[in-house]
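One structure follows; several queries about it will come next.
Note that the chains take the letters A, B, C, D and E in the order they are written out, and that residue 1 is the start of every chain.
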């Protein structure tokens, strides 16, 4: 078991470094994310980027994972099945992203790892902490690595009357560093820590604005590995690449990126530059 | 398994084309839908249309499927068991249509496929996404094709303060093309995409007003097949047939229709014209 | 299985006609229903009426069914176990009647059929439709007939802003025929139809005021059998018997009656007159 | 099975009479109930009363039942495991007392019977009716007697706009006899009847103020046995003993009492007088 | 079984005394608790304190327990798996701390005991009482000791209109002794008693301000053992040590402490002084 989880961790994090292609946006944001680059609506196009860009994993929902099972297998890009998801058609300040597939489903579909989004701070976070914890327990027993999308969110985070000390620290950081509340080191580090406490192998978190602050995130999650979430497309390639450098400096294991790759005119070009930053100084596994 | 699902897909979509007779209105709208053509309240009358009109499937709830099991079998029209449903006796802006039967029940009743309505955008869409996903997983493992009635609905879709970008695009389309919000390409394509992401074989969606806009729906769901929902009876036969032509031009696999057939004076006449449009250029399977 | 369900259907509906004694009022209304005729609080008294009145079934909750199991068996009156129930101690406009016993429990207690109340139109109707549907599926697989108490109820039925077309038709009928909204043919027929769609063998519904309107109910539920619910005690025997005649004329299979029998001074006398109406023209099975 | 349940019923109701010592107050009211007689906080003290006072059962939660398992066994006082409970730390007009242990747990702990509180009239009574019913079904199949604490409670009971006829009768009784609403015969008898309908062997109910009115309660629950709940400590011993006489006159099987015994200076003295009233005219089993 | 639970109780309470190191704060409060002493974010640092400070147990969530399984085993400090938890990112007056791991998970991770927080008084306390009770039943059957974090909390505790007698006593104590409502002996003793009633082996509770009042807590929980919760760091070492002395005088079995140890400059120094107080007069096990 432990041998197997180690082997699969190495598969999606060769030499401890990860470069993951996120493609669950069709569910989370809908087809409007494909308007920038219409070809991006098609998994075959995306899979080609993943393969030629030497990504260490691709994140999919079960529908695409099933319909393109043989193409994914042929590409040799490890499949990361995203086990929960929600659409933006329903909007509520306190989000809940329900579990849609099981660890068993992931294994049936040939996945090398599973992912799950945790909105700690939402009034439904009890359900998500429970679902995530059960996934980790089951995945652990079956030797499958787990990636937590740790995104603190919800009304509590914006409630200035909140008694929470974490929130008070976050407010100071927000004002001082001109960050959104869910990008402050206090909040991001807390999300990452919850990932560790519940047993995630990797946590995917937002960028906190500087290498110094991101280091606190990495330290708070240690020994769980941290990857930065790509987020919305930046104006320039350089802006994005500079963030990647920052988090690597801070000790991150890499990134999980979608729109900043496949919404661009030349997805492969930026993929290669990202690869160079993450794996450049490493011998290839 | 895969062989079986392929075989059953071919049964309800010969040559990749579908012409499905919907008859779950007794549950969804009640007997008032039968007032236009009182004979339509009787399944034997409907089954005769399905058979002589060469429909590739008939949609029923379990009660009728069970009580007329041998007649359905004799008719050779493939049975599509609708696994959820709700009545219009209870009205709430955020609808929930609960699962009433299992994939196992469908197999016991001799069904060739199963259907399920997903109201993404409702505050209960977490439950429907979960139920639908579990149905797809189970159906996939048992070789049964799944059809998703993908109908985004709920208060969020009408909330102008909503932060969702999809909604902003939909609002522009609504104003420009004089469509209901749940008929805009942005919303319909999102519903269809959720069907793909969750693994549906076919998605049933509303018409979006033009072949161009419907093409975006078809492309967003690819490789899941798209059929147009018939909806309320149009004033003339031509109005309905022109929509059928539009969606076929846009790449749809066909239609799923009820009232536009069996509320008419001559259900068989329009059935034959629809059949000609969908299968006319095809060799029959 | 099918042989068994057929046999049991014949037992509670000899020759397709039903005369059922309802005795779940101790739960639904409490002991106040026994004040009119204090002996009626005792099952032995009731069972004697059922036997001598030649009823084709008696409706009980599990407590009485268990405590008088041998007396019921000796009486040869088929037991119909009522699987759900609620008391009037809790009052809410949107009612929910939870399932209290299983089909398995019914078989253990020697029941020939099971019953369940469905309040379609209540905001909890999703739960009741689900519970009822599961009961029907299980009962069907075990060869047990199912009777649905189909009573549309809830705030939606009284909400004049409701968008439902069924409600608009019901409002017209209400005004024209001086009926309560839940006695209008539109509403009663819808409830009956839901019983058919979900697979009930018999539906128990309210009287709609005339044989003509009740025929629409019977036709909407076909081939599910329809029995009229007895309701509160009418002023005279004749008033009640005239209703029985009306529904039989309309095609009903019979009635399910409680208070109109056992709250009267001479329960046996009226039972015999009801029996004559329902079975008079029939050869006895 | 039936032999076993009969044997156990005889154990807690020798000759059909019951004298039960209630000791679940540590959960329901907390340590403040022990302030009157501080020794009463200790089960060993209570068990000694139960034994020497010749009680026919002692009511405990699982923690005490487990920690004093051998002492309870040695005392020969039959254990009645209380399967649900709630603390007064949380106060809501509509109470819910969740099931905490199973019938199986009760058997593991050596219990001769199980108890459960049902707050009919609370908006959560659907859950309690369901839990209680499942307990009765399971206990019945395992030969374990069930005692229902039938305490109608909740906002509906105080809502003067309530349409329920039971409530109207209760209001008249309240005014006429100067009783709390949940002590009126209409309400208490309804609670008792629900116990019968669901299958309880014994129901524990409040005193209704007179032997005449309590007789209606006993008759409404027949053949389920009725015991009076002791309630808060009365000013004098005589006041309490007079109530005991009243309910025995009315046909009750006995009482279930806690504070009126172990909050008194001499618990054994009053126990003996109660014993004399209940069993005095009987030969001892 | 009983032999095993006895053996494990002795392991975490040698000679009936307990000195437990709490380290679930990363989940409950987040990384901000590590700001005082940044090394405290790392389990290896904490484990070293636990080992050298001769703690009789260390409290962890499953993530850390799994990632440091071999280090924990080598340290010989017994693992206490905390089975539920919540983060302060979500703030609600009525808290719910969901179960995240099972007793089975605890055994897989090599735990010697399990812990669970119960917020009696919260509107969700029904769920927590149920979860805790099931944990105790299962742990008991597998021979694993259970520690209850008994922390009454929620809106009801602050509602001056509350009818609860416990609350009235607590209010008097609050005013007289200048305590927070959840530190009053009435409230703390009630929480402890619930732990006993549900079957906890040890309850962890707040300090009540004096040895006299804490004795009532200890007596109310007897024979369940009581340990004091360390709470936020006191200004001086002496202040904290004086509390430890108080509770030991009152009959407590020891303490469970986190921040008052590992937020200090010299965690080992204070650990030794605590150890001396708790075990000084004992022969070492």
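Note that in this section a contact is a pair of C-beta atoms (placed from the backbone, for glycine too) under 8 Å apart; a residue touches a chain by one contact, two chains touch by 3 or more.
Predicted, not measured: the structure shown is a model, and the values here were computed from it.
Enquirer: Tell me, which chains sit next to both subunit B and subunit E?
Expert: A
Enquirer: Taking each chain's centre as the mean position of its Cα atoms, how many Å separate subunit A from subunit C?
Expert: Centre-to-centre distance between subunit A and subunit C: 56 Å.
Enquirer: Provide the C-alpha centroid distance between subunit C and subunit D, rounded to the nearest whole angstrom.
Expert: Chain centres of subunit C and subunit D, defined by C-alpha means, are spaced 35 Å apart.
Enquirer: Quick one: which residues in subunit B touch 2 or more of the other chains?
Expert: If we look for residues of subunit B contacting two or more partner chains, we find none.
Enquirer: Quick one: label the inter-chain contact graph as line, ring, star, complete or other.
Expert: Shape of the chain contacts: a ring, since each chain touches exactly two and the loop closes.
Enquirer: For the complex, which residues does subunit B have touching subunit A?
Expert: Touching subunit A: residues 120-123, 125-127, 129-130, 133, 136-137, 140-141, 152, 154, 156-157, 159, 162-167, 169, 186-187, 189-191, 193-200, 216, 219-220, 222-224 of subunit B.
Enquirer: List the residues on subunit C that touch subunit D in their complex, please.
Expert: 24, 26-27, 29-32, 34, 41-42, 61-64, 66-67, 85-92, 96-102, 105, 108
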